[in-house]
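Note that chain A is present in both complexes that follow, paired respectively with chain B and with chain C.
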Partner chain A sequence: MSDSREFDLAATSVRELNQYLHAELPGSDVTRISVQNPNGQHSIGAGLDCPVEVDIHGHAGYFIAGMNKQARVTVHGNVGWSVGENMMSGQVRVNGHASESAGASAHGGLLVIDGDASSRCGISLKGGNVVVAGDVGHFSAFMAQAGTMVVCGNAGANLGDSLYEAVIYVGGSIDSLGADAREEPMEASDVEALRDLLTEAGLEGDAENFRRVGSARSLYHWNAEAHQEY
Partner chain B sequence: MCGIVGLLIRRAEMRASLGQLAVPMLDCMGDRGPDSAGLAVFEDRVETTGLGFSLYCPGGEDDWDALLEQHRQLGGDEVSLDVNADNALLTSPLSPLAVSEWLEREWPGVDILSAGSRIRLFKDEGHPRDIASRYGFESLIGTHLVGHTRMATESMVSPAHAHPFTAGEDFCLVHNGSLSNPNSVRRRLQRRGIAFQTDNDTEAGCRYLEWRMREGDSLEEAIEAAFGELDGFFTFLMATADKMVLVRDAFACKPAVVAETEDYVAVGSEFRALAHLPGVADAHVYEPSPQTIYSWSVVEAGSTQTTAVVS
Partner chain C sequence: MNGPSEQVSLPLAGGPEQLEASASFDADVMAYIRRATQCGLYDIRGMGAKRRLPTFDDLVFLTASASRYPLEGYREQCTSRTVLGGRFATKPIELDIPVTIAGMSFGSLSASAKDALGRAASEMGTSTTTGDGGMTPEERQSSKTLVYQCLPSRYGFNPDDLRQADAIEIVIGQGAKPGGGGMLLGQKVSSRVAGMRTLPEGIDQRSACRHPDWTGPDDLAIKIGELREITDWEKPIYVKMGATRVFDDVKLAVKAGADVVVIDGMQGGTAATQQVFIEHTGIPTLAALPQAVEALEEMDMAGEVGLIISGGIRTGADVAKALALGADAVSIGQAALIALGCNNRCHHDGEGWVDVSDDYQQLGTAPGFCHHCQTGRCPVGITTQDERLEQRLLPEKAADWVRNYLQVVNMEVTTLARACGKSDVHHLEREDLAALTVEAAAMARIPLAGTSWIPGCSTSNTDPGS
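Right, the complex of A and B next:
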């Protein structure tokens, strides 16, 4: 039998909530958590490690659902910096907008932003998937190593700077590509992978009209003769 | 780190609550800047023939009466002094230069924090919560204010190094970030005869902008020029007698969040500084874009206009 719990962060501290999520929740009958009055506080639901649905009602702060494993977290509002940073598995969804470094260093799982994400979205991505329904700011996917970033809207300047093996799909315009990032042809396998990701994220989008950005791999090896001119 | 806050009231009836709304903003941002804090409020003052000078005299409670008495001998009966702990607003018909020279001569322990027809400025060492209570920020009334909570990184902790910084009249600046070329900016301004009170990077930025405005630039034009002259990281929040202006550098590493309603425009480093404001759940909440000037004017009682200039 499933059970649910509600936490009001106007009356309970984030520390008490997170201690419950870490220590008491795993193995209990609770499958749904509702969090009220986040009021922009930081680190709500950081370090979750069990299959639970968490709904955060309102605008939240930095590091929301950081390091998430298994849980499905939905923020019904905006978030500050580094939502879902270092996520390992599970899903984090933001109904509003996300500030900087959304999904930073995520190793696994899916981060969905229904609004816009700010600069450095998907920075140092390590295998997770990030899907943004709106736009992303400058230096997004900076040094992204593995995984996929999907931008249904427009991308800001220096997209994919110093990219490793992560792949970026962009539906709208790209202000500029960063060093070593290049546009590549969309293969049938790209369209299929993108379609699957959009479906998983619950978003509409014509996968065939996206562009693919990948690494030119010219920065993989030090070139002493480049004179720092890239 | 460091925290910045700003609040411009659009609905005239709410101006009596300006301080009350702003204190939790400063208190909350104490997490980002616990070592010192300051605030500049722009008041609707009764018409006087002189300017207001915010004075700071640490442990100066006993001196204010004598200071007022002596200044009245120079400025006559129009001189007044509104004392608030170590801070006092001197209203004087004398010029800023004359007041400054007189203080240097007669009251060397007293600093001028601001000068102008509407600005009143407080800054001090300590946790923002304690400073707010020391000077009774809750009872401040006015059209707009900007505040700062400091975590010092590049120059010492002292009341003089706390923000806001001012230059000229009715202009102030609070800063989250750090400039990397303040010394060359300062030296260039010093060669033009501009005097500095501290070695703080923000003071260099503040005096640069005020110098551009004295050369004929609008604040917005001065900021455009600053994009080419000031190197480093910054979220700058500025205020003049009738404006609040926000700008972030091109990299935008230093945060800012804006909440706008029909009643007010609020700015904070983080949303949690704004979470207590009335009606914020339905406010237009957004993150300002890099290298874009956001300017909100107090056009007349009860209304403002907003302009965003994209450069």
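Right, the complex of A and C next:
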């Protein structure tokens, strides 16, 4: 039988909440956690490692659901920097807007931002998926290594700078591409993958009208003429 | 007749030995310019600064005499137990010796080298540190106490390894290249290394120099908060920085909530970076340490926040002097590699020594001069990912060498401490030291030997406070 627990962060500390999430929750019957009055506090739900639904009701601070594994976390509000950073699996959803570095270095899982994300969204991405319903700021997907970033709105300057093997799909305009990023043709497999990702994120979107950005791979070797003799 | 032709035919005054070389454009500088003209890419190499710098060698101990009495060198106890990270962490690190192994990645080092360091450190009761490539299962197994680095690249970084680490080290920079990111050239990005770092095999990997999820010191405080939350406030959190503006940087790290501050002086090594970084950035370890100590003392945090110093530490004397200047421990990288056999003319195949001078020659170097870690063709199997070369390092044998070396270093530290009348190596103090050069006196803030003069701190040789 499933059970739920509620934490009021006006009366309980983030430390007490996280300690419960790490130590008592795994193996218990509780499958749903409700967090009230986050009031912009940081690191709420950081280090989760079990299949639980967590709802955070209100605006939250930095590093929300950082390094998440397995859990499905929804923030009913806006978040500060680095939501879902280094996520390994599971899902993190922000109903509002996200500040900088959303989904930084995420190795797995899905991060969905229903509003806009600020600069450096998806920076250093390592296999996770990031879907932003609105716009993203400058230097998004900087040095992204693997995974997919979807921007349904517009992308700011220097999108995908120094990109490795990660792929970016953009529905709206792109201010400018970063070094070594290039627009590539949308293949049928891209449309299919994008459609699946939008469906998983619960978002509407005409996958065929997105553009694909990938790496030109011209920075993979420092000095091609030197044949790595350095 | 004394015409011009006669003057031309006069013999030169003296031979070539009297030709005047330029001090500005000497042979090294000309070689540097010629190399640049041919290659079009700056020089990249391993190890640390090779230039001559003021070092701990420029300090001596004022051991006991009539005014102080020593402890019996072979009989009375002198402890070297070292505790780090008790400021906020509920599980501080406890070490038997004040010498730790610095962060060096699997990727830059072979798996055998990491294994050997782990075994030696565990036997001696000290810690090893991961590097810019994540934690390997082998090193977790061989290292009793393992510090897990959180670097800008975040290669292979994950919460499972974070939770199974004994401490966390947030790396802001390192002494060989403060302000620069990691580097691993394609020759060393093997399939295993590439897999651990989520990168295509064989590419020249140039890591980020800034963290992806925070930027300034105020953010760092929040980042430290996140790491503490994820590890339930158990693990000590170190902040490692290259030695540049040490006084300010240490204060910021302490304010951000570090349990331990690690300062890496300009002699600190690397497996690969630009030569211009290695030789021209940062300040000497000797100059960095007193600045860090002053910052901690000004904040009333000496003893509360641990201080580890690194960058060119080689001997027990270096360690003892670092402790006397106020460090709680030191960290060694290059010295540990040399103990593993780095720059040896031979490797040991289990039965005897095998000369590998030819392999050094193929790299364009010779035993004793090699700094070619970046090539991945280490003749003694330490800084390589080549399966054939890696087999030249036998982890069990190499672990014995490193253990012996660490043992000697610690014996030297306790010897000096006893001679200064201390029953605990951490009781060594600045008052136990004198400086041999004006430069060392100024940097270490220790009186010049035979005087009470500290340049920059006092104006006469009789009045240190004026």
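Assorted remarks:
Here is the rule we use: the second predicted complex is superposed on the first by the 223 of 230 C-alpha atoms of A that agree within 3 Å, B and C clash if a C-alpha of one lies under 4 Å from a C-alpha of the other, contacts with A are read in each partner's own complex, and residues count from 1 in each chain.
FYI, contacts are C-beta pairs under 8 Å (C-beta built on N, C-alpha and C of every residue); 3 or more make two chains touch, one makes a residue touch a chain.
All figures in this text were calculated on a predicted structure; none of them were measured in a lab.
Put simply, more of the residues of chain A are touched by C, taking chain B and chain C as the two choices. Contacts of A:G40 after superposition on the shared chain: chain B is touched, whereas chain C is not.
When the shared chain is aligned, chain B comes close enough to touch A:G58, but chain C does not.
Of the two partner chains placed around the shared chain by superposition, chain C is the only one that A:E85 touches, whereas chain B remains out of contact. Of the two partner chains placed around the shared chain by superposition, neither chain B nor chain C is touched by A:V191. Look at A:H97: by the touch rule set out above, it reaches chain B but stays clear of chain C. Legend: residue contacts after superposition of the two complexes on their common chain; A:V14 is shown touching chain C, with no touch to chain B.
Contacts of A:Q145 after superposition on the shared chain: chain C is touched, whereas chain B is not. Shared interface residues of chain A, touching chain B in one complex and chain C in the other, are 42, 61-62, 81. Residues 39-41, 44, 153-154, 157-159, 162, 185-187, 197-200, 203-204, 206, 208, 212-214, 219, 222-223, 225-226, 229-233, 374 of chain C are the ones touching chain A in the complex.
Note for the complex: chain A touches chain B at residues 39-42, 58-59, 61-62, 78, 80-81, 97, 99-100, 118-119, 137-138.
Looking at the complex, you find that chain A touches chain C at residues 14-15, 18-19, 22-23, 42-43, 46-47, 49, 61-63, 66-67, 69, 81-82, 85-86, 88, 101, 104-105, 107, 120, 123-124, 126-127, 142-143, 145-146, 164-165, 220-223, 225-226, 228, 230. Put simply, chain B touches chain A in their complex at residues 251-252, 255, 257, 270-276, 281, 285-287, 289-290.
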